[in-house]
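By letter and in written order, the chains are A, B, C, D and E; residue numbering begins at 1 in each of them.
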Amino acid sequence: MTFLTVDNVTKRFGGLVALNAIGFSVAQGEIVGIIGPNGAGKTTLFGVISGFITPSEGEVSYDGHSILGISPDRLVWRGLMRSFQIVQSFADMTALDVVTTAALTRRPMREAIDYAAAALLRVGLGGKELKMPLTLSLQDKKLLELAKCIATDPRCILLDEVMAGLTMSETAAPIAVIQELNRQGVTIVMVEHVMPVIMRLATRIVVINFGEKIAEGTPEEILKDQRVIDAYFGDHIDA
Amino acid sequence: MTELYQALAQGLLIGSTYGLLALGMGLVYGVSGVVNFSHGDFISLGMFMCLGLYSALSLDPYVSVIITVPVMTAIGALVYLFLIRPMVGHQFLMVVQLTLGLSLVLQNGILMVFGGQPARTPSIVESKLWILGDVVLRVPHVIAFVISFALAIGLYVMLRSTDFGRSIRAVHQNAHAAALMGIDVGRVQVLTFALGIGILALAAALLLPGTPIQPTQGLRYTVITLLVVVLGGMTNFVGIMLGGLIIGIAEAFGTIYLDGAIGLLMPYIIFVAIMLFRPQGLTWRSSK
Amino acid sequence: MKQEFYDTLSSPILWGVLLLAALLPFALSSYYLHIVTLALVYVALASSWNIVGGMAGQVSLAHSLFIGIGAMLSSALLLKLGINMWLGLVISAVISGVLGAMIAWIDFRFQLGHLSFVLITLAFAEMGAIVVEGWEFLGGASGMLLPKDTGDFLAFQFGGGSGSFWVMLTLAAVCVLVNVAILNAPLGFYLRTIRDNEKAAQAIGVNVLRYKITAMVISAVLASVVGTAYVRYLTFADPYLLISPVITIEIVLFATVGGLGRAYGPALGALLLVPLGEVLRGKLGSALPGLHYFIYGVVVIAVILATPRGLLPLFERQWERWRRS
Amino acid sequence: MLEIEGLTAGYGGIEVLRDINVRLGDGELVGLLGANNAGKTTMINSLSGTVKPMAGRILFQGEDITRLTPRQRVERGIVQVPEGRLVFPEMSIRENLLLGGINSRARPQRRQQMEKVLELFPRLGERLAQHAGSLSGGEQQMLAIGRGLMADAKVLMLDEPSLGLSPLFVQYIFEIIDKLHADGLTILLVEQNLNLTLRHAQRCYVLERGQVAVEGGADAVRNDPRTKSAYLGL
Amino acid sequence: RAGAAGPTIRVGVVNSMSGGLAAYAQEGQPAFEYIIKKINAEGGIKSKGGAQIELVMADDTSQPARTAAEARRLITEEKVQLLTGTILSAQMLALTPVLDELKMPTLSVWAGGARSDYMFTLGYPYDRGYAQTINDFIVALRDEHKFKIKTAVMGYSNYEAGQQVNKFLTEKLKASGVEIIGEAALDIRAQDQTSAMVRIRSLKPDVVAGLVTPRDGILLHQARYNLNYHDSLFCGGTGGYTDLSLWKDLGPEVGKAVLTKNLFGMTGFSPGAKVDSMQKIIAELRDIAKLDRIGQGAIQYAQAARVLQQVLENAASLQSDDLLKAFRSVNIPFGDPNLYVAKPKGLQFAEDRLLKDGSAMFVQWTPEQDQQVVFPKEFAQVPPRPRA
């Protein structure tokens, strides 16, 4: 049963076609990876799904309903949550305050604070609750994005490069979080350039290049696809 | 028909003086992000300095600029160094309030020195007229019109296509990154701020002939300037001049063709209407 | 609602301070009572502005409209149509609320940037002033003189002096407590995310439009109510004071200098700066004209340079130090 | 070429770096490794002069530059490609590149240099007028690197250049780094990616909670047990 | 302060020394202090044992709410026994509740009305002062001097007094058979009034009438010069038409071109008026007090000092009620050396605590920058200059 469907979506910025008639679908409970060269249109795609960008053409449906034109905050209430690649920070709120606000989506004030603190702990930001997000290092900011996602009790999350810049050992915590969420039934769509991570987590991978889908399949299939190797991996894949 | 031409001429001339006032604020904002609420009082200061120079040395305002521009530039530099720079990194509104305090100081400093009577500074061109068919133009306005457009275009070119101009914008967008490029952030900020205030001395002199001045007029200038700067898109100097013209024409047409309060409302109505449909201001290219 | 709010409400310090304040009319002369009353008016106004300007970060310069409606409209209704001022207060508050909602909607609908919002609200404020000054019904440029305050509570009269002081004290306390309540409620969290980053706020489920409107309506209604009470205290409905953008600029000054977005910051700013201005004028008004304003300006600059985050954090640090020793 | 002696630095009185000693030889490619928050960026910023040291000194070609301004350091050829894509968002790609070459040594030949950079990054050449802020994450990273190359550096410091780039492009970037190195440029490479760095760098330092934990050649570092504890957090 | 020994009477003075109205008080205060000093030097208030008058000054920064606050301070903290000051109309309204509450007899120098039972004013009443005088003069021009006057445009400064006077004047002119064909309200914050003048020009009225502030006057006349517009008569007041500094503010060239052509200004004071006491006080202020600005403001304030003197002399005691009684019976008849303003019927307060005789004069300017009184007949030096 498909849970999230992107159908024939095109997005143009002036003369530039960032997404070109792209389509794929995600079943409930899946972890789908999206990869593609820089500027392929991955972030734009997330923007379209999460309601921040209106596509020039095409259709997006979620949980059986079209969601085009629905504002991002309402999508969050319906369980569709995204993280930002270029981290969006709040200038004058502590990390805990930010995550608490996210938790308020489904919880009353009292519970929200504890829930938020727990979320921070889970992604590995324990002890940094009262820091201002602006003074966090880039990687911590990305973990904070993940914590915000968790706190809203989502049914589906779109993660845009939350692992970039983490050392292998540091990816352990977020990977565990993602796996656990998935076990609880949360559908996950993630963009990542860190191959070991995506190969380990994703059940299926969609590859896009110049705004078009060029391949789709299990990690093993993708690794062997010559077009993907040419466009994306290059000769050796250990990065 | 005569009315229409005269209204248009009047609007354009007055509007260009509004634009002229706003250039300095655009420059100051462009580098420091400071919205200077003492802007109008600096214009007052420039005007009263001309008045002082006339009383003491019988200098024509157009000649006084030789003295007032450097002096105001220096004042601008000092204000930046001692008042604005210490506030870097603090809330935007705090800095605005600081300039508000400065406005009180300037306005009342002027009052203490010059008294509260409206005063006039004579100039050779002040009562000269230029008559084009049915339309009468005041020579001081024409001079201000020409100089302000020249200045706006000069600043526009400077900001777009010189290294100094690019540095100014870079410092505004990301001071840390600008420093990493080898831009002397501190120097660019002081220079630009000082220049922004220095230009006001020029604007003051150009507006002065025929305008009675009073120490309390500053806030009025600040408000008009703000409308124009925002309309023009903050740092686009050609846009700012255009903004000035629009406000000027709205004012002239409002006064001439409409009765009472509605006429006075005209510039504001036009402003709100434009801002709603072009929130980024009147800049040529829409910024992506 | 966070526990802190209930703690504040049941705190003996709060009630002690209020009680002590309520006794002031018995201790102060009429002039100093006036200064304190005036300070309370600005405490209430700055605190109400803080909800939208400080917490939600929407620097509105349109508050003179709400104050002006509260003051001028209720006076006009009383004088021209004989409508009881209590009812006038409600009518004005409703109209202010609707207007506030409209402005917030425009802000959202057209995605106004920071400065465009400031300037559009300023333009609205200027237009409001022009309309009032040009419209006979609202008193025109001459304003309106309310009937003598005989202390008839049912006619919205409090007997001047101490009566008005108590009214203002209540209003100021209400406005500050509304601030405390909001900051401890979900609304406070929503507003702060909106202030810092609207896009990111949306992404964590904050309905930006709804909460902007909520904040603006609360703020506008409070400002309007204070406006009505203020004009009753002044007795003279002066358009150049009550609906001029200058009053907003003063309010913003107090709120900012006190501590923006914090519950007690604006109150602190007003409590310190209003009496300072009044006393300076009283003491120096007869000296060189302008000197007292000049000094006031210097003090404002000095305070801002010394405590660029506002006075409140400074006080909090002192308070901590004092508590520890 | 560049020597750091006993450097201590931090923010608002809190020490992030403690007593760092690091040396870069002329023409060397040195790696700086370390976990998240170890203080790598802080160290690079101290070298650029945007973080003021609390103690210690920095020598460049024998001259003490500890007190010099960021601008003076750029003029001497110490150039940083910052992390986090600190591009100028409201300026076009072209203007961003021109600003990269604004220092007095680079300025005379920056037009030619720009041609070269655009050859390296054809994607940027296609979009010269696009505002940097609307570029994709990876494109901004390219621009940041290209901008750094405009500056005619003597010492180039790259802060996590591979961040957010596709595997193919990461390879490409490292090829460029190797080539610059081969041309004699001194390079300080900050990275999370242990293997990649060890493969390219001649020598490495590993930072652990603000202190140098390990230093030496690739094999020495790889095999040092402390690397595993410092870097992999085992 | 007069520091002489003996009893003193404290008089509070709330002036607008800073802010938008500073011009009035800054011109008037020195004259006021001069006369008070003179009174003290001549033996103080004789009926009160030669009490010296001590002035306690305050600045309301031109903001009415602050007038009220400063008055409260002067009364309750400084314990003044009498209050005076610029007190324009808005200030008067703001002051009203304070005066009523604290029962403080007050003399305003300029208010156009007096709403409190405790306040008297030397200002021109809007209705029987400004509006009546302008109307009477226009009617006199038409009926006695045979000017063609059928239509009028109301050209006035758009502020409180301007609007009030305009309301009364419009009615009176209509009643006198003049057709009002339009309004040109002058935006008091405008940089330039050319647009307003273009509007007037397009309406081509026979006469333009209204109350105009000094600053708007300068801009209006300048605009008239710019457009070289002389088809209408300009009849108005006060500061914007007759301030002595007007000529200087416009510059000689513009002044000559517009002030001496088809323009008549209302004023309560003119150096050329045939009033001996007025001539004397001008000479005294100029030669002995050495004031550099002697205009309406200075004269009005000097007059206020004399009124206060008489009130204090005549009052049975310094109690509020007695002072009020003394105010009611003030009488400075025409011909009295202490009558500085032009009042053919002398100076007395009416029931409404405004001047009984609210009238003023009309003057015209000569190319030599002097003024000639042309109205009323009692003071007129010359007939109005015919239309150019």
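In the analysis below, a contact is a pair of C-beta atoms (placed from the backbone, for glycine too) under 8 Å apart; a residue touches a chain by one contact, two chains touch by 3 or more.
Note that the structure is a prediction, hence the values are computed from the model and not measured.
Between subunit A and subunit E, the least number of touching-chain steps is 2. For subunit B, the chain with the farthest CA centroid is A. The chain pair sharing the most C-beta contacts is B-C. Chain centres here are Cα means. That of subunit B falls 36 Å from that of subunit E. The distance from the centre of subunit A to the centre of subunit B, each centre being the mean of the chain's C-alpha atoms, comes to 48 Å. If each chain is reduced to the centroid of its CA atoms, subunit D and subunit E end up 76 Å from each other.
The distance from the centre of subunit A to the centre of subunit C, with each centre set as the mean of the Cα atoms, comes to 43 Å.
The residues of subunit B that reach two or more other chains are 108, 111, 115-116, 215, 260, 264, 288, listed in rising order.
Within subunit A, residues 13 each touch two or more of the remaining chains. Residues of subunit D in contact with two or more other chains: 134.
Every pair of chains in contact is given here: A-C, A-D, B-C, B-D, B-E, C-E.
The part of subunit B that touches subunit C in the complex is made up of residues 35, 37, 83, 86-87, 90-94, 96-98, 100-105, 107-109, 111-112, 115-116, 215, 219, 223, 226-227, 230, 234, 260-261, 264-265, 268-269, 271-272, 275-277, 279-281. Those residues of subunit D that touch subunit A in the shared complex are 11, 35-37, 41, 83-85, 123, 134-139, 141-142, 160, 162-172, 192-196, 231-234. Of all the residues in subunit E, the ones that touch subunit B in their complex are 17-20, 22-23, 26-27, 158, 182-183, 185, 187, 189-192, 194-196, 198-199, 201-202, 214-215, 218-219, 222, 225-228, 245, 248-251, 253-254, 293. Of all residues in subunit C, only 1-3, 184-186, 189-190, 192-193, 195-197, 199-208, 261 touch subunit A in the complex they form. Listed in rising order, the residues of subunit B touching subunit D in the complex are 163, 166-167, 169-170, 173-174, 176-185, 287-288.
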